[in-house]
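Two complexes come next, and they have one chain in common, subunit A, joined by subunit B in the first and subunit C in the second.
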Partner chain A sequence: MSALTRPSSSAAHPSLWFGAAMTAIVVLIALVSLVWTPQDPTAMEMTQRLQGPSALHWLGTDRFGRDVLSMAMAGAAISLQVSFVAIAFGMALGVPLGLFAAMRGGVLDEAAMRMSDLIFAFPALLTAIMLRELFGPGALNAMIAIGIFNVPVFARVTYGAALSLRTRDFVTASRLAGKSETLIALDHILPNVLPLLIVQATIQLSLGILAEAALSYMGLGVQPPAPSWGRMLNDAQTLMAVAPRLALVPGLCIVFTVLGLNLLGDGLRDKLDPRLRRRQA
Partner chain B sequence: MSPLWLLRRIAGLLFALVAASAIVFVLMDLLPGDPAEIMLGTNARPDTLAALRAEMGLDRPALIRYADWALGLLRGDFGRSLTYSVPVAELVQERLAVTLPLAMMAIALTLFIALPLGAFAASRRKSLTDSTIIAVTQLGVAIPNFWFAMMLVLVFAISWRLLPSGGFPGWSAGPSAILALILPAIALALPQAAILTRVMRSSLLETLGEDYVRTARAKGLTRAEALRRHAFRNALIPVLTILGLQFSFLIAGTVVIENVFSLPGLGRLIFQAINQRDLVVVRSVVMLLIASIIVINFCVDLAYALVDPRLRGRS
Partner chain C sequence: MTLLVLDDLVATLDGAALLRGVNLRVAQGEIVGLVGESGSGKSMTALAIMQLLPERTASTGQILFGGRDLTQTAEAAMCAIRGRDIGLIFQEPMTALNPLKTVGDQIAESFMLHEGLAYAEALDKTRAAMDRVGLADIPATRYPHELSGGQRQRIVIAMAIACRPKLIIADEPTSALDVTTQAQILDLLRSITRESGAALLLISHDLAVVASMADRIAVMKDGRIVEEGATRSFFGAMRDPYAHALYEASVHRPARQPMMNKTAPFFVAENCTRLYRKPSLFRADPQPLRAVDHVSLALSPGESVGLVGESGSGKSTLARALLGLDPLDQGTLTLDGVVLDPARKQDRLRLRRKVQLVFQDPYSSFDPRRTIGWSMTEALGHLTEPVSESDKARRVAALLEQVGLAPDFAGRFPHEMSGGQRQRAAIARALMTDPELIVLDEPVSALDVSIRARILDLLADLQAQHSVTYLFITHDLTLLRAVTDRTLVMQKGKIVEEGPTARLLDEPQHPYTQALVAASPDLPAHVAGLQSDV
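What follows is the complex of A and B.
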């Protein structure tokens, strides 16, 4: 059993199960939307514009006559997709950076962590503005902008955990047995940091959903005709007085998803983070 | 605070500012291609393009252009806006008159909500009140600020007609200017307040378990007195740090919220400049916002070290 991953003996935190259930619902809807939606989410039908809920359109239609439920379902897929890629991007760069800094120490450690501090000063929105001319507005722009913000987060988590692990007996034993620092990092440090990374990934995923919605709302993320929650909110803004439901549906979708992920993250942290377990004991 | 520690922090700040300006310059001036063509479009006449290139000094080496731009920023010269035909510094000054009060109002509101609420929850640990406050903050963190802004408009501007739904009449309009900033400030403050309430609660709970608080209780202080006299001030240290870290979210939030409410601040200026392809304005305002985040984080670091001497030895 690894040093940091001994499962909690206490009863599972209720937020873990609530969060997991809520997240599972969103993921399921997103997956279903890839193969089926009640209507084509991009099909415009001007004769059906701004219709209220009906048997044909459960959540009504928008100003172009598009089916709101289908758009919200497809929006879930896009939102999760952007956030997942952004997490993968952040982990792919941040984890090796944190590991490298912790294992090497000295000037390189200082330089790597200062660089990651610097990236913290670039909110995803400003990065997306800067990358706009390079990649153009779109999902790719959002993925990279959010991903860049994730890099220092994962670097910090990995660095902190790896620093405390590298002086542990089992690491010293491996070093004495002649293992290289790279092999120690991959075979012993990384598996032990993994639970913390999973918790952090859940939290970053929820922040990614919020950031993606904001970027799409501002026209820097997913572009029409692809439906996204942020874009739906942007379209709904001028119709708040006549059709507030157009803003309610995507907004509640975002809140439900982020709340689910936050509860899941909290629950996982209670279960997996050894520092919290020690405090609770 | 030792001079060496302070010097190291100042060197770190200068390095961060130079590195950030280099990143902004490379991403916005070098990598996308010819800035003059981006600004005028591919159908621009060659002589117009050549004139703009000359005006922007694009015929000079990139390093010289960067140095010119960066030194200009230090002197307060942010370049000249092509759309407005005025110095960018003038535009920034004008727009800061909206953005700065909005940000200050949001921070004040955040603290006004978070500190008492967090302390109240901590003082009633594991009670129904505590659980309700935790649940509300959990919800607050999950609500996107721009959606919350739209809901505020729906309720307070459209349904109840109590506050304006957007726009800014200018400071000369007096109280209506403040009224115009109330809903945006609330929208900005909500997620920040939710996070800070949680931090305040857990920080206070941790402090209440410290030996000196127990000693104070043993000397006859009530729990409320011990909380007010000893624990509260010490619990503020992590709150201060998180407030500093949240500043980048506040900046991003301001940019979005200004656009929701059509407020003529820096955030709106950036997006108007993006639509008008005015790269000079976009580049300088983005740099200004990033520099403000770096400087605020530096100040928080200093404040933190002033309060907690143990941290001065931190790398």
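What follows is the complex of A and C.
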């Protein structure tokens, strides 16, 4: 039994279960939207524009007569997709960078960490604008922009934890067993940093959802006609007085998803973070 | 007159018994020593007296302090009693002090809180309190990190005695300190209680410390006091088997064959020097600290050598250098006639195959995410030829058996084992590559007394079986006498004295060795002295 799976009472982590349930709902909806939505989310029907909720359109229609429920469902898929890919990108680059810097020490690695500070100081929004100027708008640019922003986040979490881990006796023992620094990083440091990374990834996912919404809102993310929560908000802006529902639906979707992921992250941290866990005697 | 009476004190937390009926009396001006191993309930007793037991603890019984039942005292009134009538001294002075406030302000707080003094008056009294604890030349405007461990503990004592309490509770007050500092702090505690007439409840795991301090000794086990008596007659009249076992374990000397005919050394370190430079980008630190300064030593097969010194003496740095963990700035390591350069990977591997280490802290020496079996076999294939999985399992089982653990421990995780079991596993791991030398870095100082005795027996047995050489790093002179043939005394990076352990401890030549010997509590000698007095 590893520390990761050590049983602990679920009652002690209510936020974990709330967060997990909320996240599961969003993921499920996103998956369903890939194969089925009540209506085609991109189909415009001008005769049906700005309808209120009805049996046919549960959440009504927008100014082009598109089904709001279907758009929100499809938007979930886009949001999660962009966010997942971006976080995976950030981890794939950030974790090895942090590990490398912590294990090596010295000038080169100082430079690597300062470099990541530089990226950190550079807002994802600016990166996204820059990428659009270079390659034109699109979901891929949003992923890369958010992903780049995540590299230093994961590099830092890994670096900090690895620095303290590598002074522990069991790492010295491994060194005395003749293992190379690379092997020690993979065998001891990474598994012990993993819980922290999982927690951080959950939190970064929620930030990624927000960032994706913001980029789409400004037209830097997924392009029409693909539906997205951010652009739904943008479209609804001028119709706030007429149909506030059009802004409320994507807004609540974002709130629900981000809240769910944050609760999940908090719960996971309480459960997994070794610093919060009592030392077992 | 009786100052404190604990009458059938019972405390339970979530169904687990913390205290199972503690009866104890402390007279005015008396020093009572409360001894026990971890989990015996000695710290819980102190917390109960202060009415600071963990939340949700249910307790029954009486705590009469000066005739007043503290269990019936309201929290507001308790706040006035704590600090004013009962002073508390903790084990770790660094965490007991607020790092962001000057030590003077922290002592002054007691006066302002309990005696209603204005800041200026409180500071005057603070100065006096610091003088009393022997810190006359330390300005009150210092911060905790600017003081040494011993000085910090003096500050904590000054805070505890600031308002001249009737009772001082000291919970392991010297366990985090070096031997000579421990002796000074114990002297201070003794003189302060004598001079102020306060009673002292001294809580410790160390029977030697308690025997040298207390008027009366109480031994705790499983939330009960199992043996109690005046120190003078205590050791001659122990009836409880546990108290007896605790004493036996405290003075335990494992049966071992002293090295008689020494053969030629197989491991020689010559002129080893290790410098610590302040990191600087542009030029080398002109005055580096000489953590290890021209140290030479030679170890023969099968002998047991002690390396003693206080924290900061360089003994751990030397050990790391001998293990090839840190590079040497000067000097050579010779193993079996071959000069090795730890900077070269091949030499490093060669060194490690023959030189292994057992750590002080059994809690951090195993990766919490790996099984014991996995950790034990880490070296196989790296220091040795590749070994098949079934061979690995066989070797793990054989070594576990040798250190007294069942083979199924191979599949356990460190948190599923006790400290003593982990230390056994750590010893088994060190033996995996059939080393010629095992460096033991305070191998028993984190363990309870009774477990410590069994680990020492185990080490003696294994040495006889494997004819391995031990380099014992310790600050405990009693231990040194029990388990080593020869001792090196280290101070400020240099070896200042060396010789056969018995001679070195009986007739220390160097002033530093003399100070160490004088400061070390020696239980057998103390008990012998007591019994000749009776």
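FYI, the second predicted complex is superposed on the first by the 265 of 281 C-alpha atoms of A that agree within 3 Å, B and C clash if a C-alpha of one lies under 4 Å from a C-alpha of the other, contacts with A are read in each partner's own complex, and residues count from 1 in each chain.
One rule holds in what follows: contacts are C-beta pairs under 8 Å (C-beta built on N, C-alpha and C of every residue); 3 or more make two chains touch, one makes a residue touch a chain.
None of the values given here were measured: they were computed from a predicted structure.
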{"item": "Touching partner for A:P244 - first (subunit B), second (subunit C), both, neither", "value": "first"}
{"item": "First, second, both or neither for A:T172, with subunit B first and subunit C second", "value": "second"}
{"item": "Which superposed partner A:L186 touches (first subunit B, second subunit C, both, neither)", "value": "neither"}
{"item": "Partner chain(s) touched by A:L210 [first = subunit B, second = subunit C, both, neither]", "value": "first"}
{"item": "Partner touching more residues of subunit A, whether subunit B or subunit C", "value": "B"}
{"item": "Partner chain(s) touched by A:N262 [first = subunit B, second = subunit C, both, neither]", "value": "first"}
{"item": "Touched partner set for A:A124, first subunit B, second subunit C, both or neither", "value": "first"}
{"item": "For the subunit A and subunit C complex, residues of the former touching the latter", "value": "1-4, 168-170, 172-179, 187-188, 191-192, 274, 279-281"}
{"item": "Parts of subunit B lying in touch with subunit A, wherever the complex brings them together", "value": "12, 15-16, 19-20, 23-24, 27-28, 31-33, 38, 138-139, 141-144, 146-147, 150-151, 153-154, 158, 245, 248-249, 251-252, 255-256, 259-260, 270-271, 274, 279, 282, 286, 289-290, 293-294, 297, 315"}
{"item": "Subunit C residues touching subunit A - in the complex, by the definition given at the top", "value": "38-39, 323, 325, 348-349, 352-353, 356-357, 359, 361, 363-370, 375, 378-379, 382-383, 413, 415-416, 418-419, 429"}
{"item": "Residues of subunit A that touch subunit B when the two form their complex", "value": "110, 113-115, 117-118, 120-126, 129-134, 206, 210, 213-214, 217-218, 233, 236-237, 240-241, 244, 247, 250-251, 254-255, 258-259, 262-263"}
